[in-house]
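Accompanying notes for the structure given below.
The letters A, B, C, D and E name the chains in turn, as written, and every chain counts its residues from 1.
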């Protein structure tokens, strides 16, 4: 049921994950899902905030939620980290004392009634008019750690074996391969500080995907994407095997099935260019 | 010595301590001795004692059960008394034991030239008595030659042993003299005479003879007191003591047990230790 | 390592602090080790998550606040969701990070701590993360070690060519509010530390 | 050795452990030589020397006694007495001309089916090697 | 001339597939006394059994051989079948053609078949010597003796008494109640031990069917199930129970002070005393070892001269003191016995490294119970022994005298983990400032609500569990330094404690092995009584009519002991529900005509089933008590005269089997 949402893009959409944001916009237009970008949205604080100060880590996302409250629409999020932080905030705020304290901090009167949804949850309810079947495409869906975890906070999907993205890609005609690394960690925010570890973890994921026989990995998180895509060169250096594994946002995949062009979907921005693979599979 | 024996015997009969004294008298043949049962003090005059006095007088005690009886006991007879006490065949208070020191009790009985053959300690003094007659003498231990006779047999190969025993037992006429002379053989009905179960055929055949002799020996395992009467009385000169002494040796080695040394110690087959191995099983 | 003396007063104090901070009952941990078994980064830690929990139970502050584990943890929550005793271990790790900063421990993983600090600086300044600035000030500001800095810088050209590095900083109208929030939070923290409870 | 020597072995097995152990060998289909003839007795302590010597006299090439392991006797003590009895008998039999190898005492529990079949196999082989007894029975006409 | 029928079972292909049954049948026809041979696909089936039955009737068979599976499998079944044909069920012999033949000789059908023939031949030979056997009926004395007045014994006594049978409850101590009466609270419900136990104790005292004999123990047993004759030695209390009102004046007057056993030496008692206020019976007893009067008597004998004392006698308002009272032996008849002699705790002085008892503040868990008990030496205030101050740091040490081969205690005492949790919780309840540490190897909390309880000690009461055995305790001023390792941290730790509680393990009470010998029931290397079967007969012993309850068998907690007591009671009442008992007819007999009365058989009988009997002619012979005889046949192998024989396995039968092999 196409509806209207208060859209929270998240900082990365303005730079490293532009293609995620753009594809999202295009896809939603195609599907008649209204995304109204929250005016003056600010950072959710990401892992840094809750690593450093608990109150801050709740206050920052609450500010955005409050903004959405004024728009009186459910919030649509695409970044897994943002999603997790927003969800976490509203979870914490169920405690009146915390709510009061945070309201004091943000000097607003937030009710904590605003619903937070990930685009996957929204699309899950949509009928997608597939114009271009992806039937020859074999993919693995990679949810990362925080999209589905912890369930008592996100209420997203099964913690250990989420299905929502797999459902989506099979709706698009592609084959989603079951594999064991759906929710394994990619190294997340250690990208800059302990890249060696990121490369270990991401390497595990890439190898698993290859063994599963996937043509590409479908992701729903900018951080996962950057770690898996951008680091592949470095991973090859560190571990001596070249994955050449395209990493594609689920929104880009939907876009393809809706017949959007590779330019519109910004495949040129990927470090590992998916287009040869897509061509070979007759998707483009 | 004989005077002392007679004096004691007379005294016991006179003051009524006992109603009968079992001793030895000269056999009618004029040579050798035979048991003598004295009921009157005067009977005692017939008593003799010398190294022709062989019989194990303890053998007769069961017959006089319940009657106060005195017996002239050589060392091995005294062991027999203990055996019978241990096996509840006689009551101590019914028996008066005139122990007689007997320097030469044992070897003079083995008719076979087994001079070395002797138990590890030679008994000269009765192990139980109410009065001791004769000089308590020291006897040297002969342990270095202990069971050398048994060792000889063991030295043979199995086949040789088979031959040896086959030869011996083939002579057995099953007169059962051995059994009659034995203080330990007092079953009302010996297995060999039982008809049901029929353990042995009555007819004389080596294997039946062997069965008889071997089982009789085993029935005396831990009970034979080594008086050697069986062998002495055997008309066919079968070295029966070789069987008994093998078992005596085993009992000594395995369980440090020797029959009849006292009346209390339980024989090895009537007791056990949980943690003994004994090389079987 | 020398023998550790366990005394109620000391151990209680630290334990309670962590429990208060994390809102988790750490004494519930029965040391089954499932957290360590599932932790994707345990291999890189000096104390496995299980041992971190144990140390907290025993109140061994120095032992645990100086360890690398609390910094290597990326809050992937694997441990938390699988804990049979329903302890949010990731949350405990966070709390330990915060406490170690408060207590002025020099983090065993300098870069990690630096990154988070720089990240928040950027946000406070601009309301949103500006990756270009983030990478730049983290790497070139000499905050990270030379090794990581070079590694990071080496990525820049690629990123820029792929347009993954916005050159203009974001302009979030909410930035002022964000600044206020940071200020307010500091103020409240002040209140706490200067005795008065909330 | 002449044609094929088929030893005849008599086995006295206590009902509670060893006979059950032999049953176990059966249920687990553990093959062993068929020479043994098993006689069931309540306890190894029931087996008197007489029946053993009798078996040999009749021409048994070997006699096996099997009972509960010491300490496990169903009657608590039976096998302890048996152990002493046969410890006396074994060397005595040898002394009277029956090879030591022909008489064996083994402890076999109800669970030791494998052990039972091993015991029987090795015992049978051992006796087969030994050959038949130079028993006089042959020469005699038996009752 | 017997008429033997041989029935051969194919057992499907189990036997028939290997053994050539027709050939066996042929051979069987030729065997002596065999008049009928039949084979069958499944003899054990209903039709199979019917055929046997009919064959017996139609051919008037008087002996039956069945070649089939192991007798351990179907002997009972076939006995019924034989009986149904009006034949004595014991005139049956089974040739084991399956387990002992077809299944083990599948590799050689030829040999298997010839073996099968010989097996049948043996069975035929044996069965021809079978005789009809008849179970015997013996009357049952419907009175039960319960030995031990702990909670298990109490429960057993009450249950039996409530079923309407007389019970005599014998207790070694002056009072019943056992260990449970020494406890403060019980895990995991934390209800007060005394509050739930004392009513039961009172029930015992007031029950019309129960007679309570304290300060007493069993000294001799004769007879057998249904007909035991027991000597009970009752030690003199030197106080007339019937008169003593338990007013306690004597205790206040008595000049002697000596450590109280009940309070484990943490408080003194007088020489004339009542162990504790709720004691049952509430009567004073004199401890002659310490009593001034008896000291005086003793001294006088040794010619020494010390002042006499008889203050209790003088001051007793009821004039109940009887210095002259003597021990007595009470002989009674019982049908069944329940042994519930309970346990005592391990004496930790065996542990030098823990101070072997020389540190006053290193106490046993049971001592802590007394400290926590409102009726205890400190009226429930927890004061450490040395300086009567409140300990704030308490260290518990588990497995003291448990799971320690070094101390000859390889077993787990089972209850310690739980009572440590309980005690640490109670310490916190008594004083919120107490911090408890528990050194454990494993937390064994298997039981309803047990693990939750042990966890609660940690979550809610902040008890800190450290995994590891401590190595040493050192006194350091007012503190006790406990050296251990936290094996989870992988790191040595030391804890300065105010008090250390040693969780001393469970071991059988004194005198357990002696009693076992008197009763002729077996006990293990740790002196625990041994069950007839650890799984399927957990309350029976190898001796019929003697049952077990509680910790006499092994470590148990209260509910288990109670259940165990009730279980034993059911066994007893089941026994009493019948007026007579049938005994297995496969027992020994003595041919008294030939018996020479050496009684070698009696010496070896494991069940004391053979006794001397004096015949009219004065001969002493052996005679078998068929109710005691279990049919092992030891006597048979021991008797030289062949007078002892074992029904079902007679000399004749075995000989027949052997002979048949060479016919």
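As a convention for this text, a residue touches a chain if its C-beta (ideal position, glycine included) is under 8 Å from a C-beta of that chain, and two chains touch if they have at least 3 such contacts.
These numbers come from a predicted model, not from an experiment.
Path length between chain A and chain C in the chain contact graph, taken as the least number of steps between touching chains: 1. Of all the chains, the one whose CA centre sits at the greatest distance from that of chain C is B. When you average the Cα atoms of each chain and compare centres, the chain farthest from chain E turns out to be A. Nearest to the global CA centroid, when each chain is reduced to the mean of its CA atoms, is chain E. Here B-E and B-D are compared, and the pair linked by more C-beta contacts is B-D. Rounded to whole angstrom units, the spacing between the C-alpha centres of chain B and chain C is 99. Centroids of chain A and chain D (each the mean of its C-alpha atoms) stand 80 Å apart.
Between chain B and chain D the centroid-to-centroid distance comes to 34 Å (mean Cα coordinates, whole Å). As a whole-number value, the distance joining the C-alpha centres of chain D and chain E reads 36 Å. In chain B, 191, 198-199, 269 are the positions where the chain touches two or more neighbouring chains simultaneously. The residues of chain E that reach two or more other chains are 604, 638, 642, 651, 655, listed in rising order. Annotation for chain C: no residues touch 2 or more other chains. Contact between chains, per the stated criterion, is found for A-C, B-D, B-E, C-E, D-E.
Residue ranges on chain E touching chain B, taken from their complex, read 593-600, 603-604, 618, 620, 638, 640-642, 651-652, 655.
Residues 21, 40-41, 44, 72, 74-78, 80-81, 88, 94-95, 97-98, 101, 109, 111-112, 114-117, 119-120, 123, 127-132, 134-135, 138-139, 144, 148, 151-152, 155, 158-159, 162-166, 170, 172-175, 177-178, 180-182, 184-185, 188-189, 198 of chain C are the ones that touch chain A when the two sit in their complex. The residues of chain D lying in touch with chain E in their complex are 8, 10, 15, 19-20, 22-23, 25-27, 29-32, 34, 37-43, 45-51, 54-55, 58-60, 74-78, 81-82, 85, 117, 137, 142. Within the complex formed with chain C, the chain A residues making contact are 11-12, 14-16, 18, 39-43, 45-56, 59-60, 63-64, 67, 101, 104-107, 145-146, 149-151, 159-160, 183-185, 187-190, 192-195, 197, 200-201, 204, 226, 230, 234, 268-271. Those residues of chain C that touch chain E in the shared complex are 1, 3-8, 11-12, 25, 27-28, 30-31, 50-51, 54-55, 57-58, 60.
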